[in-house]
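What follows is a set of structures to go through.
Both complexes below contain subunit A, partnered by subunit B and then by subunit C.
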Partner chain A sequence: MNQLNALAGGLFILTVFGIVGLRQVIGCLRLFVMQSVLLAVSALILGIETGSIHLFAVAGLTIGTKALLIPWLLYRLLSHEIHARREIRQVLSIPTSLLIAAGLTIFAYFTVRPLLDINSSAFIRVNLPIGMGGIVVGAFAITMRREALPQLLGILTMENGAFMAGISIAPNLPLIAELAAAFDVLIIALVTGLLTRRIHRRVGTTRVGDMASLKEE
Partner chain B sequence: MELSMVLLIPAVAATLAGIFGNRAHAAAAATLIGTLAVFLLSVHITFGPALGIHGSIRGLAGWLSCDYLSALVLLLVSFVGFTATLFSLGYIGRAVKAKGLARTARYWVRYNLFLLSMLAVPLISQVAMVWIAVELTTLLSVFLVGFEDNPEALEAAWKYVVLTCMGAAFALIGVLILYWGLRTSGAGEFTWAGLTLAGLRIQPAFLKTAFFFILIGFGTKAGLVPLHTWLPDAHSQAPSPVCALLSGVETTTALYVILRLLPVLTWIPGHPAGTWSVSFGLISAGAAAFLLLQVKDYKRLFAFSTIEHMGIILVAAGLGGGAAHLGATYQIMAHAVTKSFCFFAAGATLLITGTRKIDTVRGLIRTSPVAGISLMLGGLAIAGASPFAVFISEFSIIKAGLAAGHYVIIGLLTLFIAIAFCGIMYQINKMVFGRPPAARAAYRLPATCAAALAVAVIPVVLLGVFIPAPLHHVLKLAAFALGR
Partner chain C sequence: MGAKILFNIVQVLVVMLCSPLVKGVLDRFKERVQSKKGPSIFQPYRDIWKLFHKDEVVSDESSWIFRFTPYVVFVAPIFVTLLIPVLTDYPLFFAFMGDMLAGGSILALAGFFATLAAIDTGNPYGPMGASRTRMVGFLAEPVFMIVFFTVSFVAGSTIPYIVQQAWITPLANFFEPSHVLVMLAFLMLIIAENGRIPVDNPSGHFELAMIDESKALEYSGRGAALMKWGGCMKFFVLLCIFLNVLVTPWGLADGPSIGGLLLAIPLILLKMLVFLVVLVAIESSLAKLRLFRIPEFMGAAFVTSVVAVVVQLIEM
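Coming up: the complex of A and B.
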């Protein structure tokens, strides 16, 4: 079981790197779906191992919202964006970005190291560093990408990272908190999706990185 | 019971505003009555006998709770919520005139929902749910920030949602680590009270890591440098009454969550939470004071001043000691009432001159005495001139810091306050006095805007010279909640 979880975790962090490194929007979106499925798998494994009903609920909610509802929502709102065949522009070149992302993952591991020494099961040893890596690399992806939808996927990746860590360290959080968190992620996708569509209509582009009329001169 | 009512009223008002649809006046009336009721209810909760006897009220089977610190934040949110509604009545009518009533109705729905999320932050007792409430304050206000629907406003809204959601993800992992630490220590429920009780038993490593992430995460939302970049944009592009809410109280609710954690960590040797708070606070106050000097837009001027004030509050709370904590709670109150008034004055100026550029506004006192005097009063009050409320709070923070021997920190803080004072007054002076440009068509301020200014100015002026004993009592007990 532990090895299966480690496999899911390893694949998870690979999908996080993909969010930084992939050139096309639709690829990023597919990776995000895979990422969410892997998160659900990890939650399922932990649920079987600890016998916690909560984790089964988390797995179900993750599949329902992140793997089905959010992609559907984004397809509905932004299909022209998703199917655009152009390459996503970013600030640094892809190899440099990936290198920095790898460095950040190692950094994330060392930030949680002191906690692992105090109290940790085998699952926490896998999930916490990987989740933290997802958060930090997700934040990096937001700053690197210059377009709206990839930035949104960066935010959702950060949330996935937080949940990846959360299922191991806080498996028995009140169910209502988990429901609300799933709802919250859905609203993030809805609000940013609608905003992106409005920006596309009013400004004619979704390269939010190029919008720089507001600054001190 | 009262606590659930506070949350129920804006929810009902939002529903009503949605049902009324095109009848925008009815939606506005529902909001006005709702916010007034919430304000009166908050006054009742804060000064009522129940809070006085028990020190905290619980509601909704323990999901809601309210002690003096929550009551202070609740009171401020509901007060600014009411005055901003009053100001919106005239302002939004003008702003969307061309675009129809449906947009006005939508404004009122969003306004009520935004207010609901901000009222929920101080009232919810479960820490995980507080995180969700803070996140909702962002998500429910995004379209209020982008309400003007021009490229600048949409850019501001985008930066706002992306950066604060990024911060929220950091805060989420902080909250989860906090929960983990609490579970590992064995006991306690995951509420503010439970955490403070169990604080001594939680391993310091958990607390420090959790606090660090929550400070970064919610610090982004409170506008702490270097994650402040979205704040001047969002707080200048939103419609002025929304700016008053964003700058006056939304930042305060984010800061409230950070402040809630301070008493949990004070016992750790070396007080790392205090040190981090003081450093972040000083950097924010300093950076904002210098950035303030070069703004070209008067709403951005007030936005940078918000960053400065968040820094000052965090320094005061981080230094610790009863006197500094009292200064911090006083500053929270003074900032909320003064900054919202400043944005009303800025909104009135915008209505009259039609421009946000400092350079094109001259001789405002002659074009419109009401807006001119308000802007002058607001500028003086927020910059910290005597005898306004901000002066007293800043003075008491400085005095408390000096008495405790923090000479370098207080020296720097005083320097930053002085720089910000000069920066704000220099710009405001130019705008209010001087020769007005060629006469524009005469424009009268809507009566409701003037009424909002008149209501909002009362605490700004009054609290500087006289503070009622019950309010002082609330501030003192709220300050007590910041320490162990």
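Coming up: the complex of A and C.
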């Protein structure tokens, strides 16, 4: 069980790297779906092991919102953006950003190291550093990418990372908090999606990285 | 004692005789997927046989390196064969002479000579292909290193026979995340090192786009046959390391009986067949990368292997 959880964690952090390093938007979105499924798998395993019913709810909520509802929503709102064949523009080249992301993961591991000394159950050892890595690398993805949708995926990745760490530290979090978080993410995706759609209509592009100066009309 | 010598000889013979078959099957599969008829699976044998009976032409401008290289390229995989588990899962004579790093360095020696020989003749395509191979090679190097570090981290050794045992005892170790990630990274390495499709097109005949192939353009006759055969054996040996050490360390002979040894031959060929199907699926579904995209591919492999180390570190 522990190994399966670690495997889900390892693949999870790999998909996080994919969010930083992939060129096609549609690929990023698929990776995000995979990432959410892996998070759900991890929650399921933890739920079985700790016997906490809340974690099953987390797994169900993750599948429902992040693996189904949000991608569907983004597909509907931004299909032209997703199916655009052009490549995502980045601030740094992809190998460089991948290397920085790898460095950030190791940094995340060392930041949570003191916490691991306090409570070192096998699941916390895996989930906490990986979740932390997800948060940091997700934030890095937001700064790296210059377009709206990949930036949104960066935020959602951070959120997934926080959940990954959260389910191991607090397996008995009240259901209402989880519901609130899941609903929150949904609203974030909806609002950002609508905003991006508006931006695309007004400016004709979603390269928000280029919109540095204000314009008077 | 005598049996062990015999086993070693059988291992080398299997590598020498079966490696063109593997290449033939791979070519045939690929053509079939493209709904062509494809050459016979024994075509590489015929090619090598034909080349051995042809006259050799050597440029006046070339030095001894050019004539010496085919032998190095041919012999290097045979030496590696002595170090790795091809048919048996217990160490034979030379197993403790060198670990996987030694195997890597022997193959790198062959690569080094092939590069020199490509530059030697003054054919413009040779140095171009050689420098590109070096580019892919030096990008692959750190990945190799990290993969070996991970492996030695887990198994406490880099001798392939010991590593092989560490992954499957107990069986749960097989699902160890670092194991799965190392397998992924090594798969990408095999693709890059053998010039398979996302990195290089092995069946392309356009010199300007060649990476691996153009180094052997100047060879004819016996030299070409040895280079070709050596290339097949290198592929076979890398597959042996990948399948017998990392992915499926089952089905190898475990006792000193001849029957078990002979049974291991079809089993390893079967494993390779399965792997070739996977490889053909990868090759047929991806497009060749542009030259300056190759660092991204290798960067992905590098990150995969680094994640393998990090996860291993986390679990400690």
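Note that the second predicted complex is superposed on the first by the 213 of 217 C-alpha atoms of A that agree within 3 Å, B and C clash if a C-alpha of one lies under 4 Å from a C-alpha of the other, contacts with A are read in each partner's own complex, and residues count from 1 in each chain.
Keep in mind that, in the parts below, contacts are C-beta pairs under 8 Å (C-beta built on N, C-alpha and C of every residue); 3 or more make two chains touch, one makes a residue touch a chain.
Source: prediction; values computed, not measured.
Following the overlay on subunit A, a side-by-side fit with no clash is recorded for the pair subunit B and subunit C. With both complexes superposed, B is the one of subunit B and subunit C in contact with more subunit A residues.
Once the two complexes are laid over each other on the shared chain, residue contacts for A:P95 go to subunit C alone; subunit B is not touched. In the superposition on chain A, contact is made by A:M132 with subunit B only, not with subunit C.
Residue contacts after overlaying the shared chain place A:A177 against subunit B, while subunit C stays out of touching range. By the touch criterion stated above, A:L38 is placed in contact with neither subunit B nor subunit C. The superposed model places subunit B and subunit C at 150 degrees from each other around the C-alpha centre of subunit A, with the value given to the nearest 10.
In the superposed pair of complexes, A:A165 makes contact with subunit B only, with no contact to subunit C. Once the two complexes are overlaid on the shared chain, A:L153 sits clear of subunit B and of subunit C alike. Superposition on the common chain A brings subunit B within a closest Cα-Cα distance of 18 Å of subunit C. Comparing the two complexes, no residue of subunit A contacts subunit B in one case and subunit C in the other. Across the interface of their complex, subunit A is touched by residues 126, 128-129, 132, 135-136, 139, 142-143, 146, 149-152, 154-159, 161-162, 165-166, 169-170, 172-173, 176-177, 179-180, 183-184, 190, 203, 205-206, 209, 232-233, 236-237, 291, 294-296, 300 of subunit B.
The residues of subunit C lying in touch with subunit A in their complex are 172-173, 175-178, 180-181, 295-296, 298-300, 302-304, 306-308, 310-311, 313-315.
On the side of subunit A, the complex with subunit C involves touching residues 3-4, 6-7, 9-11, 13-14, 17, 21, 94-95, 98-99, 101-102, 105-106, 109, 125-126, 129-130, 133.
The residues of subunit A lying in touch with subunit B in their complex are 111-112, 114-115, 118-119, 131-132, 135, 138-139, 142, 148, 151-152, 154-155, 158-159, 161-162, 165-166, 169-170, 172-174, 176-177, 180-181, 184, 187-188, 191-192, 194-195, 198-199, 202-203, 208, 211-214, 216-217.
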